[in-house]
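Just so it is clear, A, B and C label the chains in written order, and each chain counts residues from 1 on its own.
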Amino acid sequence: MRHLLSTADLSRDDALLILDTAEQLSQVSGRSIKKLPTLRGRTVVNLFFEDSTRTRISFEAAAKRLSADVINFSAKGSSVSKGESLKDTALTLQAMGADAVVVRHGASGAPHRLANWVDGSVVNAGDGTHEHPTQALLDAFTMRRRLGDLEGRRVSIVGDVLHSRVARSNVHLLTTLGAEVTLVAPPTLLPVAMGEWPCEVSYDFDAVLPKSDVVMMLRVQHERMNASYFPSAREYSRRYGLDPERLGRMPDGAIVMHPGPMNRGMEIAAEVADSGRSTIVEQVTNGVTVRMAVLYLLLSGSEPAIGGNQ
Amino acid sequence: MNAARNQARDGEPRTGEAVPAGGRPVDGERAVLEAPDINRALTRIAHEILERAKGPDDLLLLGIPTRGALLARRLADRIEQVEGRPVACGSLDVTMYRDDLRLRPARALGRTDLPEDGVDGRIVVLVDDVLYSGRTVRAALDALNDLGRPTAVRLAVLVDRGHRELPIRADHVGKNLPTSRSETVRVCLAEIDQRDAVLLRGGQR
Amino acid sequence: MTYLLRGARVLGGDPRDILLKDGYVAEIGAPGTVDAPGAGHVDAGGLIALPGLVDLHTHLREPGREDAETVESGTAAAALGGYTAVHAMANTSPVADTAGVVEQVYRLGQEAGHCDVRPVGAVTAGLAGRQLAELGAMADSAARVRVFSDDGVCVSDAVLMRRALEYVKAFDGVVAQHAQEPRLTEGAQMNEGAVSGRLGLTGWPAVAEEAIIARDCLLAAHVGSRLHICHVSTAGSVEIIRWAKSKGWDVTAEVTPHHLLLTDSCAESSPTGSYNPIYKVNPPLRTAADVQALREALADGTIDCVATDHAPHPVEDKETEWPAAAMGMIGLETALSVVQEAMVETGLLDWAGVADRMSARPARIGRLDGHGGPLAAGTPANLTLFDPSVRRTVEPGGFASKSRNTPYQGMTLPGRVVATFLRGRPTVLEGKLT
């Protein structure tokens, strides 16, 4: 069975197929009838162990536009919170005939484990501090629409790389697509051994800024401050936040991205988030389209067209 | 992956074997239409369409990718030559509406290009290379239904090879080609196949 | 009860006949020269005779987690692995921190009869790290506890560790430290390195182990006491221990079979996919460079012995997402095979070396009389016969352990225990429990 667990499993052809498919599907959201009959009779389960209304709604809209039956399974208040194991939950979904399980889980690798226990496709909607493949795909899709081909484009991802599933998925996907990625963070918020990562690493946002076609800001949680990853929100913001002054030093045509939800005033200033260079609203729109493409390619045929073997 | 790309083909489902690329005939293939035949057929169809629609103004030619879209473009060019003004032309991918999606691996989508003002009130001429079971046309009608409400929908095909499985017929046919189900019909167009030809292969003589 | 083991290669040497009589090795002689009327004959041709193995680090889980292992099942697994004595770790429920609990475990071992069970006493009451357990009472009990450990938890309080090291000198005890600096390993899931960074699992830095080992070596030297380091897992730890030994300090150390064979890359890719918590263990699997350093340290004696850290867990504690899974793997029934693979077949140890690292030295560290060899006339007949020539695919379905959490399932490993004798009585014959 094929799944979408990690962007590292996607070949360049896979990634381009998803993005090209999404490009065609983007027309659907402009029509009066936004529904396609393609996945009629297929069941997609949204299995969310963490609250993420944005991601869940996006997947739900994507599945419904393809006419799939959608079951939302929130672990909160269900048997899962009473101690039912992930495996038993998987077997329940299996018995319900889920063709795809879209899973968000606080534990890195939970979707990989789930894939061992269900016959359907597993789509990773964010696992712990590991990956969030559809977020990276929608980011790449958004970049392509604004900048064209990503070959040779310089993308800087700034913030809490250590705990960011968005950063990991983007590093794999963007390098697969030919972009040059630089991760920018204070040393405390980077993994210790990054020698094999296919990207550059910098502690100095201001040095990277003028050489960036894309600046992607990551959410920084206030609780990291309590664990001494950085001294204060103010200092973080001063060294790694994107304010109007820094925005002004970006190259012409460079864009600003953020996976949301934003901490306005922390990693990104409100004026920057709302500026014409910001793609933050487009990213949300594109999320539905890209997730439609993923569900279509995994579920529509007798076998999926993308994704790695588990 | 590449399989998925190749299967993202226009027109009728082929009989399963890999379709050779390019316009060169492979073993056992023979040309039933050559470039001049195709040229004449398209010219005739262009005139038929114009005559039936009483002018180009409300017309919208929608080709079904890949080769149907190329044929629609050629028809539009001919109509423009005759009338001296352009006719609306686009493409309509029907993959998402097919009824045989689950029979084969998931496939890439073709292009859909529609005019800004949509299909409402237009006379839509669907254009495809080969009419066979009629299932592609059925999918196209469903897709059109989701896009709006044309005044009328007509169908133009280069080759009608018979064996309909649905109550569908073409309004404009380049060539009626009696075939057996075990035969394969392949349309080559110069834009992507380096030559124009309709090739027939296989089957019992 | 008399047994004649014919043609066994003692410590891998030339074939010898070994006569076991009344619980002792009565005679060892050239083949055909030992006269033994009425003795049971065991064809030991081609088999290696080793002194019965001694494990310094076994979790028998009883009392408290009898669903995972019992003294009966765990010691049966030990006998099948060639062991004649195991040290039962203290992190049971209730904790083995009183004379009552250690005597109970000791007695259960005697009743089971598969091998000797030496309970390890907790260093601190309830493993809570606040006050010393009644170490003296455990030492004086019928269980004669000599090894004390809060294994599973580090005695991280430097003062408490110092006091424990000092206190056990009164009865020649040893504190076996689980070296894990707690603040540096909060929420830690696997070795901190390239793999943990890629997998997004919280890292478990080597320094968390090494810092405690360095501190405790200095403490042991300062108070002139014995220190034993549990399951050493990093190259840095090896260097610190080598340095401490070079000073003449009384520091000993153990390494587990799995740290001699497996690396943290198992978490990323294995025959069962990624993130399989069968590879989740404390301390975590480290890098290939660490594995190599540990092998060399075991070979040169810097690391004194192999200890299994046999840690049984029920299926449901492993069939889960990685962070939720229990830490640990079973090892008694595969230890000798893993050591053959990692140490003998690599030329780092001969069979005499294996006997030293898996029997003599652990017995000495645990102050365990009657075990650890040497294999000579007049010594207690604790020994095992091992066939190094076969290769087997590990299939935990046949294990005596109640748990199945072996990382070697499906792997082909060399060697097989054919027979084990405990004071002249066979506990295992023809690879099966008697």
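Please note the rule applied: contacts are C-beta pairs under 8 Å (C-beta built on N, C-alpha and C of every residue); 3 or more make two chains touch, one makes a residue touch a chain.
The model shown is predicted, which means the values in this text are computed figures rather than measured ones.
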* So how do the chains connect up here, line, ring, star, complete, or something else (other)? -> line
* Structure fact -> Chain centre (avg CA) closest to assembly CA average -> A
* Roughly how far is subunit B from subunit C, going centre to centre by Cα mean, in whole Å? -> 74
* To do: Between subunit A and subunit C, tell me the centre distance in angstrom, where each centre is the average of that chain's C-alpha atoms.
  => 45
* With chain centres defined as C-alpha means, what is the inter-centre distance between subunit A and subunit B in Å? -> 39
* Structure fact -> Note: in the complex, subunit A contacts subunit C through residues 85-87, 105-110, 112-113, 115-116, 127-131, 165, 168, 191-197, 310
* To do: Spell out the part of subunit A that touches subunit B in their complex, as residue ranges.
  => 11, 13-14, 17, 20-21, 24-25, 27, 31-33, 35-38, 66, 296-306
* **List of subunit C residues in touch with subunit A within their complex** => 189, 192-194, 196-203, 205, 272-276, 316, 319-324
* Asked: Along subunit B, where are the residues that touch subunit A in the complex?
  -> 1-2, 4-5, 93, 96-97, 101-112, 114, 142, 146-148
